[in-house]
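Following this message is one structure expressed as structure tokens.
Which chain is which? They are A, B, C and D, in the order written, and residues in each are numbered from 1.
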């Protein structure tokens, strides 16, 4: 039986990948960032997700990151490893690396070149769950994969003993609330939400927690929001949510294109001395005018989130 | 000053339009349905929305429906009137009809043939708000209009004294929670959510209420969920939400195409003896096999929602 | 029998709607524009299409435009009238107006609020074709209607004696070439292409002609391209195509948003003294900096297209 | 200087990848298929494209396929190798393999997880072209990559001495005809079209040729259509096009989902004794009822295309 002893709940940041250049890991940065997150109270760390730029990294770098992160964390919190790939055999190989270094679980979005039909998704995830020795989280990310893992598909896959939960980054409130209701009698099936803006609203309704990008920089405020919501304290949740929303408001809108969000986070972490702000190609790190804006944002947030 | 005396909160069903045929109103059905809704505890009635098949109705029928509904309601709850049209002059004409029959406010989605840019949206809504004597709700419905009314656009338009709120049917939890946070210091600006599945989650976070389609058939359970969430009773909200979710689960998935949801509601209301199940062309009412399925669903729901 | 005596072939411009303001027709502009087009050699005139801003016009203006255009044309070329509306009864009413003023045919895109399924499309168009006394062209415009009229649906509808052709504005070369092949044995079913850039390529393969927006300003060059392609003169077609492409290249990219194309055409016609450059709300006419750019473009084109 | 001595023109099939199972190449199948294609008159062979299921293959299999194909082809026609990957370093590694085995050029679609902005695309392709020793074709595939390589971006990249052409699989006739016109004075920049249905229409207008999936099974008819169009024989082109269209009509619509097209081709090749019909996971080969349909289709096509 592969399921972890206890169910995971809380904030599990999608860790950015500290890089010196596209094919060189910033190992000191990984050390610093892991300490920063654990000190911030996170319940787990998710590496090689979308925010971790996994799709732009070589197999070599991915392997180094898994090893380095697991060594730094050293069992203090569970490490979840993204193994999303369009080739199922490459995913399985990466899952073996994760198992070797004692990660807790793996996370996989659907293959993202061809959009699969729902029966194809069921077969795909069944194969993956059969072949991975670690427990598997489904990862719903339709804006990037062009495929929704439909609620009926999630329910079907939840019957596989090695499929233990789902992370949803669709931003679709109907989808997430439908899942919460469908799984009301299977509370051990973990439902995590990606977008931090809606995290509080779904944790109040019973979600397991959030895979919140902003928690890379300011883990405490995300943990506080989660705790207030998990404790069903509505007033406090709203009050803390309004503080937490400052992170995305100040940090994510600088620059253009879908990569701005990751650039904002990496630049902020660099300014805080935690790790390098390098982004793997085809992305570029911010130039000086944008960096200046991030600097102002970080100074503002440091004060407001105290 | 056009804003209503007190802010609207609670369940405001998007009333279906009872029809004898595409160009003939089921007036007895309107009477019955209005009584059914008011008896069910709704806070207002929204006619000529998406669920009301407004886009498929002639101007003649729309005018009759406004008149008939306002007469039946007779001031017991506010009546909101959808005036969405691609021609702004047709919208303004309909708003005048709504004002004549003492509706409380009008509701308009963006023009839905050409997708507008955000500055075009601001000019469009400013013109509409200037020309309408009734207060105006924005209606965000990107799946049908191909345009998101971006948060910054909503904020800009909220400064117009005649723009009093927004109904969001995007199903996008990030969007809605962002609006809740942005308008935390303007609580008089009303934020209603369309999709019933996520209503509880956002009312807990401070939303004004829900424009819930299922409340056409079972208004009480939606009102109960709203009240529990508005009263910040998290456990009760979840408990009632799980009951409420049975409505969409049992009633909306019968038949194919986007119209199934409206067909399910109209057939259920017909089976309950409230109004005709006719749909305006190009939609068709369910045939016998689907009707039979709705019958079974209604019998099940009647028991479970008691 | 409703089909016109002879099959239409050639360039049928989607005429822009000359306006004094949103609800006032520029009647002198209509006169001038009709003469400009007929003098330019067009085979027909299509009013109240997308380029004609039909969706932004009131019923009153649409009626006036139909009457005025038919009077000006006075039988010299066929007039096609767009009757696209989300309400089938409003479409039928407009078709009656078109018939009254002796238009040749009507043109209808699918209802564009709800996206219909293919069986719903078949029922919709069958109803419309049954009720219209004039022959009907299907109008495929998925970017605006969210629905493709699939090839199988076109074939099914082509069996209706009152459905005589299709205008395709999908820009999808696979779709159009598939239709050409499917209708190889029904050459009387007319297949017109919207986007002018691909007109030559499909006329070479047998298409009936083009509903080319740029032909509002420079009808001759479009007619020349059509003739070269219809006469199977490949070298001349390519040579003329390269000239014709200057129109879209110079005129359509000024300004932002989907409306730029119509603004470019209207501003050019205004600079040529043919009609007003007013656009119906929610669109705005170009301001001086953009007008200046159009002026330079028109001067350049006037020289190059001589 | 890396550009090939002479410009490539004609039919360059996107070769399917013969497999025994997901991670085992059908080497005998590769031999047979290469002979079948060359005998059929193709001008080149493109491996590891979309039709080649490249994204579902491990690095090991990709390497084996490059080697095996190049050995079989043995310089008789150019071999083009798809190196599309979300990690630019994995793409570069694969390009080195292609160079080692004497392939003629490499082909890369944009990274397909994050959708890139146009300036990001320019930087990405510039890096790739700088680092690859073989000439590079751009590959526009927006349905899978969520990014259009805009005409201006193509023009900018065409200035790089190592970027020699583009394969467009957008099915967008406006886009392709715009490129043909933009590159009228750079005829050495090769413009190939993916979808076979529109190949004839654009070759008539000057395109370099087609990367036609159906040419895997029936190369001759595609070569014939190409030749007729390249020779500007319009009547013959249309006549042959109508025969060629039978391939997609009969073979691609069997089964569901986006993979049906590849399944139809692989099953047909298997029935002809050329190679195995296995598909890499997450796809499945057809089961008996679908195989039976393909069998009937192949028998029909074998007769009709004689």
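We adopt the following convention: contacts are C-beta pairs under 8 Å (C-beta built on N, C-alpha and C of every residue); 3 or more make two chains touch, one makes a residue touch a chain.
A quick note: this is a predicted structure, and the numbers were derived from the prediction, not measured.
Q: What is the chain whose Cα centroid lies farthest from the Cα centroid of chain B?
A: Chain D.
Q: With touch defined as above, tell me whether chain A and chain B contact each other through largely the same residue numbers, more than half shared, or through different ones.
A: Mostly the same residues.
Q: Just how far, in Å, is the C-alpha centre of chain D from the one of chain B?
A: For chain B versus chain D, the centre distance works out to 49 Å.
Q: Taking the mean of the C-alpha atoms as each chain's centre, how many Å separate chain C from chain D?
A: The separation of the two C-alpha centroids amounts to 35 Å.
Q: If each protein chain is taken as a node and each touching pair as an edge, is the resulting graph a line, ring, star, complete or other?
A: ring
Q: Let me know each pair of chains that touch one another.
A: Pairs satisfying the touch definition: A-B, A-D, B-C, C-D.
Q: Per the contact definition, I'd like the list of chain C residues that touch chain B in the complex.
A: So the residues of chain C in touch with chain B come to 22-23, 50, 55-59, 86-90, 111-117, 120-121, 123-124, 127, 144, 146, 256-259, 280-284.
Q: Sort out for me which residues of chain B touch chain A in the complex.
A: So the residues of chain B in touch with chain A come to 171-178, 181, 184, 195, 197-198, 200-202, 204-206, 232, 234-235, 237-238, 241-242, 245, 248.
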